[in-house]
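Here the structure is laid out as structure tokens; the discussion comes afterwards.
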Amino acid sequence: MKNTFGSAVTVTLFGESHGGAIGAVLDGVAPGIAVDPAFIAAQLTLRRPAGKIGTARHETDHFEIVSGVFEGKTTGTPVCILIPNTDAKSKDYAKTKDLPRPGHADYTARCKYHGFEDYRGGGHFSGRLTAALVAAGSIALTALASKGIRIGTHIARCAGVEDRPFGDPAADVRTLAGMPFAVLDNAAADAMRSAIESAAAAGDSVGGVLETAVTGMPAGVGEPWFDTVEGLLAHAIFSIPAVKGVQFGGGFDMADMPGSTFNDAFRFDGGKVVTATNHNGGVNGGITNGMPILMRTMVKPTPSIYRPQQTVDLAAGTDAVLTIEGRHDPAILHRARVVVDSMTALTLWDLLAVRYGTDSFGGGK
Amino acid sequence: MKNTFGSAVTVTLFGESHGGAIGAVLDGVAPGIAVDPAFIAAQLTLRRPAGKIGTARHETDHFEIVSGVFEGKTTGTPVCILIPNTDAKSKDYAKTKDLPRPGHADYTARCKYHGFEDYRGGGHFSGRLTAALVAAGSIALTALASKGIRIGTHIARCAGVEDRPFGDPAADVRTLAGMPFAVLDNAAADAMRSAIESAAAAGDSVGGVLETAVTGMPAGVGEPWFDTVEGLLAHAIFSIPAVKGVQFGGGFDMADMPGSTFNDAFRFDGGKVVTATNHNGGVNGGITNGMPILMRTMVKPTPSIYRPQQTVDLAAGTDAVLTIEGRHDPAILHRARVVVDSMTALTLWDLLAVRYGTDSFGGGK
Amino acid sequence: MKNTFGSAVTVTLFGESHGGAIGAVLDGVAPGIAVDPAFIAAQLTLRRPAGKIGTARHETDHFEIVSGVFEGKTTGTPVCILIPNTDAKSKDYAKTKDLPRPGHADYTARCKYHGFEDYRGGGHFSGRLTAALVAAGSIALTALASKGIRIGTHIARCAGVEDRPFGDPAADVRTLAGMPFAVLDNAAADAMRSAIESAAAAGDSVGGVLETAVTGMPAGVGEPWFDTVEGLLAHAIFSIPAVKGVQFGGGFDMADMPGSTFNDAFRFDGGKVVTATNHNGGVNGGITNGMPILMRTMVKPTPSIYRPQQTVDLAAGTDAVLTIEGRHDPAILHRARVVVDSMTALTLWDLLAVRYGTDSFGGGK
Amino acid sequence: MKNTFGSAVTVTLFGESHGGAIGAVLDGVAPGIAVDPAFIAAQLTLRRPAGKIGTARHETDHFEIVSGVFEGKTTGTPVCILIPNTDAKSKDYAKTKDLPRPGHADYTARCKYHGFEDYRGGGHFSGRLTAALVAAGSIALTALASKGIRIGTHIARCAGVEDRPFGDPAADVRTLAGMPFAVLDNAAADAMRSAIESAAAAGDSVGGVLETAVTGMPAGVGEPWFDTVEGLLAHAIFSIPAVKGVQFGGGFDMADMPGSTFNDAFRFDGGKVVTATNHNGGVNGGITNGMPILMRTMVKPTPSIYRPQQTVDLAAGTDAVLTIEGRHDPAILHRARVVVDSMTALTLWDLLAVRYGTDSFGGGK
């Protein structure tokens, strides 16, 4: 349903890059969940661009919770989080409004909205809207943490540089919490940063792969058809701008593996059923099996580059060359990871609420 | 919402492998769409196992349309398609009901349904339910074809053997229609069949990658957030048993590419905006751009293999060894492709109906 | 969403009066709920026309549960209930297909479905489809009864004859269970039957008002906006053909009452908060308050009457006179009450499942 | 789905009476619909209390459109309308937070939200939230007006005083537009005002009945089951605080009428099919028949009265007497009518968008 996602717990997203504000409404929230503004601010900081490898636009991401929180806790009614736009330079965009940027949504927005779209800075398609998802996701992460469920994402690959894969997911997820450049291997982190800086210097951009682990999910959550754990997570993750692939467990990398190797053998471990390998990424038949959920997300290179590009002039009806000015990221992987965590948290909270009730979190549990 | 998918056009799936029948209800159907039983039967035949590389279970897939079709055309009311189960051998399954098959949903079903699940032949999780999706998808394919939208899927990779990629998607999609083993390169087809037969002889199984093209989609369909074309298609495709990855355009294979190469330059071609490359797979910002939609689906190797496997005995609470009997496929890629076409068709029909109305197809258009 | 109702627990309805079968798919069902075919059959009997005051069409309402029930209990997967059509005399309807019956959906169906609708016997609009709702509702009633929630409906008014209102709702609901002609006061029942027979003899029909009580609902269920208890129940009840009004507690009858009289004072009764009166019908602010839910439903007189009526000939484009033949009811109130019970049960089950989880019924509770 | 209503066009409501702001997000909006702040302000003025018969709380209802509108027209992305709270006196409420007001949602909110609810001024249940619905509804009314569909509501009955019923609905609806005290008969208006003032003087309150007409709706809109025009409208209208009954056409008043009188005969009128009477209120089988939609809404007397009332002390666990202070309305009928118009407009816009597409309004039409 367009800009709302979820079934029992829903998030509705609104706003444009250069409008009055962006924001999100979170509904189906249990009453009594502690809302810590400092944690929300910290999560927003992880998403915010900074330093040499980020855009030069500086939003402080000041946020206001205008409803649904009372005396520091959720009330159970919709939580609206508003993030005003303050550093928007609209004039940058007017002169190129008929020259759609390759790889961006400018052209498709024109087709869909018949020219009524707010074209400034990508409008409603701007990555800036993910700030609202991160704010909403912070509450989801808190709700899940109260059940012992934790989520962490690292940059598994960037510009050809690989991080080590998850070892002990529970330990690695703890390590990743709050890390500004989420890479498990320091040497890989340095190499990635260099690659991003080189791309920036060349007026180019890079993409890569994020890997996410979820630990502590109970077995038996998800649905066999349509609302599979994989289907819902993929639905959510593909909302994040620039995502072009989502896979679970082995994914495409194990396409050539025979069944005798791919199958995850079951065994008892201290009275609990576990699997020897986790090629299925913690999900069988669309339903969690109690092992960590493992997901990989492919993020394409940032489409905003500083080199001249071939495009069309929609007003003139001719081919044209576009040189993008403005403020842009040479890479968004390191910022996107907290968005992936947030969308993952919102999705799993929803699945748990469907199964155990909206009242099974917070004060009602 | 569990076993229903879609917004304006919905499909609801029901049934168990060894119950009375499986079936689907299709709703939001425009009135006046021709329903050709021969086409439905032909699509079901593409899905049905056959020959050396299929399971030995033989279902004729006799189907009945019990509602929503009158005098050969859809009425606009829900279409219920019923496929009775006739060749079910239930006794095969009773003796191993406490020994979950690795890679299958047996264990997760037990966790979710507390032991009340119909365990016979995978119950509601059985790949057999995809027959109902194919029957419903046939009507979706007809609806889309009336708008010039066509869908085709081939086996891009199987057991390490690669087919050639799509060349001219429109021509290739025509070639694939009705092809029993959907591979564009005959030599690759032979090599894949050999690989599947070898795996079968070894009591093992193989997986691979399917590639899908959609041609004729108008630009401007899809939503910027959540209900992106990619998100909805992935949601739908992950419902198909054994799918572990979905990617669009370049996907994971292009994770290392710089933005200057990845970006698809725009140009006019006969008055129409096209892109020079299609690394974005026909979708920008979640919305179709008028180029072919290109999607790849990773299908894991069939989990049912004939070798002894480590598992647990849920009744005894001990580790156990399981040797699966029954009737199983060494590969399902060649059968899954028509399921991918069907889910793709259902998803795109829904997206078009949201934008242009349920009344924009059939007699109302 | 068209022919599907509900959020956590959903019912999807399909079928036409003279098609192969009618049926319903119930989803979001907890596993482990006992399904008693005798109870379903008994409920269907309450809905089925009989005797002097019913239509002459005799359907045995043989039903088949084709999925979602295994060894006498729900599995947790979708329950599809099929009711084949066996006594359909289609030729009655062909000759009047262009002469819409006043008060029926013939004309609006033509407008909506562009002439592709199955016009025989009202097609998808036929009251016969309520048999599928009653079958699905039987499972809902069982689920609710396991929580001590019981539902009963009586004919509060018919052709000007009034039954006594609910006295002790819990006792009255028990009295109504299984009663073929659900009237609390025997004298009123006799007078109503006479009035119906008189109308039938005059080729006419009658309507009236049904009153429903729900006992045992916990306080705190429902939503403040949109998904209020009243809003959802009304949404469900207006689906029943011929319903033209729904009210709760005092409703329209108390429109002139001042607030000082209308307000239901609270008091403690054995440690439980109760209200002195129940003018709000058990709901405050859209949420249950623990008192019985009281609802009244206005059912218009059956539109099928045997007298000549003014209508139009849609083929000729002229005014016309129609005399309906076929088999029809002079009243449906006594049959509709079990449909009201069923829709009420489905709605409340859904609301409880949203709050407490789909897993809070059956084996998961 | 909790605080979101609609299918193709949705409205999400958030906020508390004494929080930072209330607001609504409108989604599924076609691009290119003119948004006139003066019209929104005028509609808000109709809802705002004023004079002797309104509460003494004065909110200016300053509103901000923070997204989805660009250069005076909708963009097609979500429209978030924010109405800050400025005149909230929270201290009035703290001392009675454990004494639920009879007829209000205080007690049910406590049951649902476990004491975490914002109890000040009714919190999320406050009638103040209807301001956001009116703002959103203004855009819906504009969208409908562009198709020739108009909606009007008058006070049909208040404190025992009756207005004349609709005569020529199209003319009456025009008359009602912008009328501060919407009564068709001036003498009745005076009598109603007197009755409200008398009730106020006595520390009491009154309720009544609103009657709504919708003209210009095309035939063929709505669904046969569940999403009937009546069911959806009732679902929407019951969201409005204090509504306890909804009926269409004749409704409860015609419960005793025989079918031969109730049935609306069809005839041609200038090539268009019309009905001689309109006892069905413009809807047959859940679908519009092209006649005006006629709906009546019962609004209970305002529960806030100034007389001492029996209630309970939830903290002490004892019975108690409550005297409400604060600022309250002796009647809300005259303010509720614009809320009814708004919810009606939102519901019908949604139904039209489902059938004809979200793109069938505004710039896409």
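Each chain carries a letter (A, B, C and D) given by its place in the written order, and its residues are counted from 1.
One rule holds for everything that comes next: a contact is a pair of C-beta atoms (placed from the backbone, for glycine too) under 8 Å apart; a residue touches a chain by one contact, two chains touch by 3 or more.
It should be emphasised that the depicted structure is a prediction, and the values quoted were computed from it without experimental measurement.
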item: Pair with more cross-chain C-beta pairs in contact, given A-C and B-C; value: B-C
item: Label of the chain whose CA centroid is most distant from the centroid of subunit A; value: C
item: Centre-to-centre distance between subunit C and subunit A (centres being mean Cα positions), rounded to whole Å; value: 45
item: Geometric centre distance via CA averages, subunit C-subunit B, whole Å; value: 38
item: For subunit C, residues contacting two or more additional chains; value: 1-4, 7, 13, 77, 112, 124, 224, 354
item: Residue ranges of subunit A touching subunit B (in the complex, touch as defined); value: 1-5, 7, 13, 100, 102-105, 107-109, 111-112, 124-125, 129, 157, 159-160, 199, 203-209, 218-228, 230-232, 234-239, 241, 243-252, 254-260, 262-268, 271, 273, 275-276, 279-281, 283-290, 296, 298-305, 307, 309-312, 314, 317-319, 354
item: Sites on subunit C touched by subunit B in the complex; value: 1-4, 7, 10, 12-16, 19-23, 25, 27-28, 31-32, 64-68, 70, 73-80, 82, 112-118, 123-124, 362-364
item: Subunit B residues within the subunit D interface of the complex; value: 7-8, 77, 224, 353-360
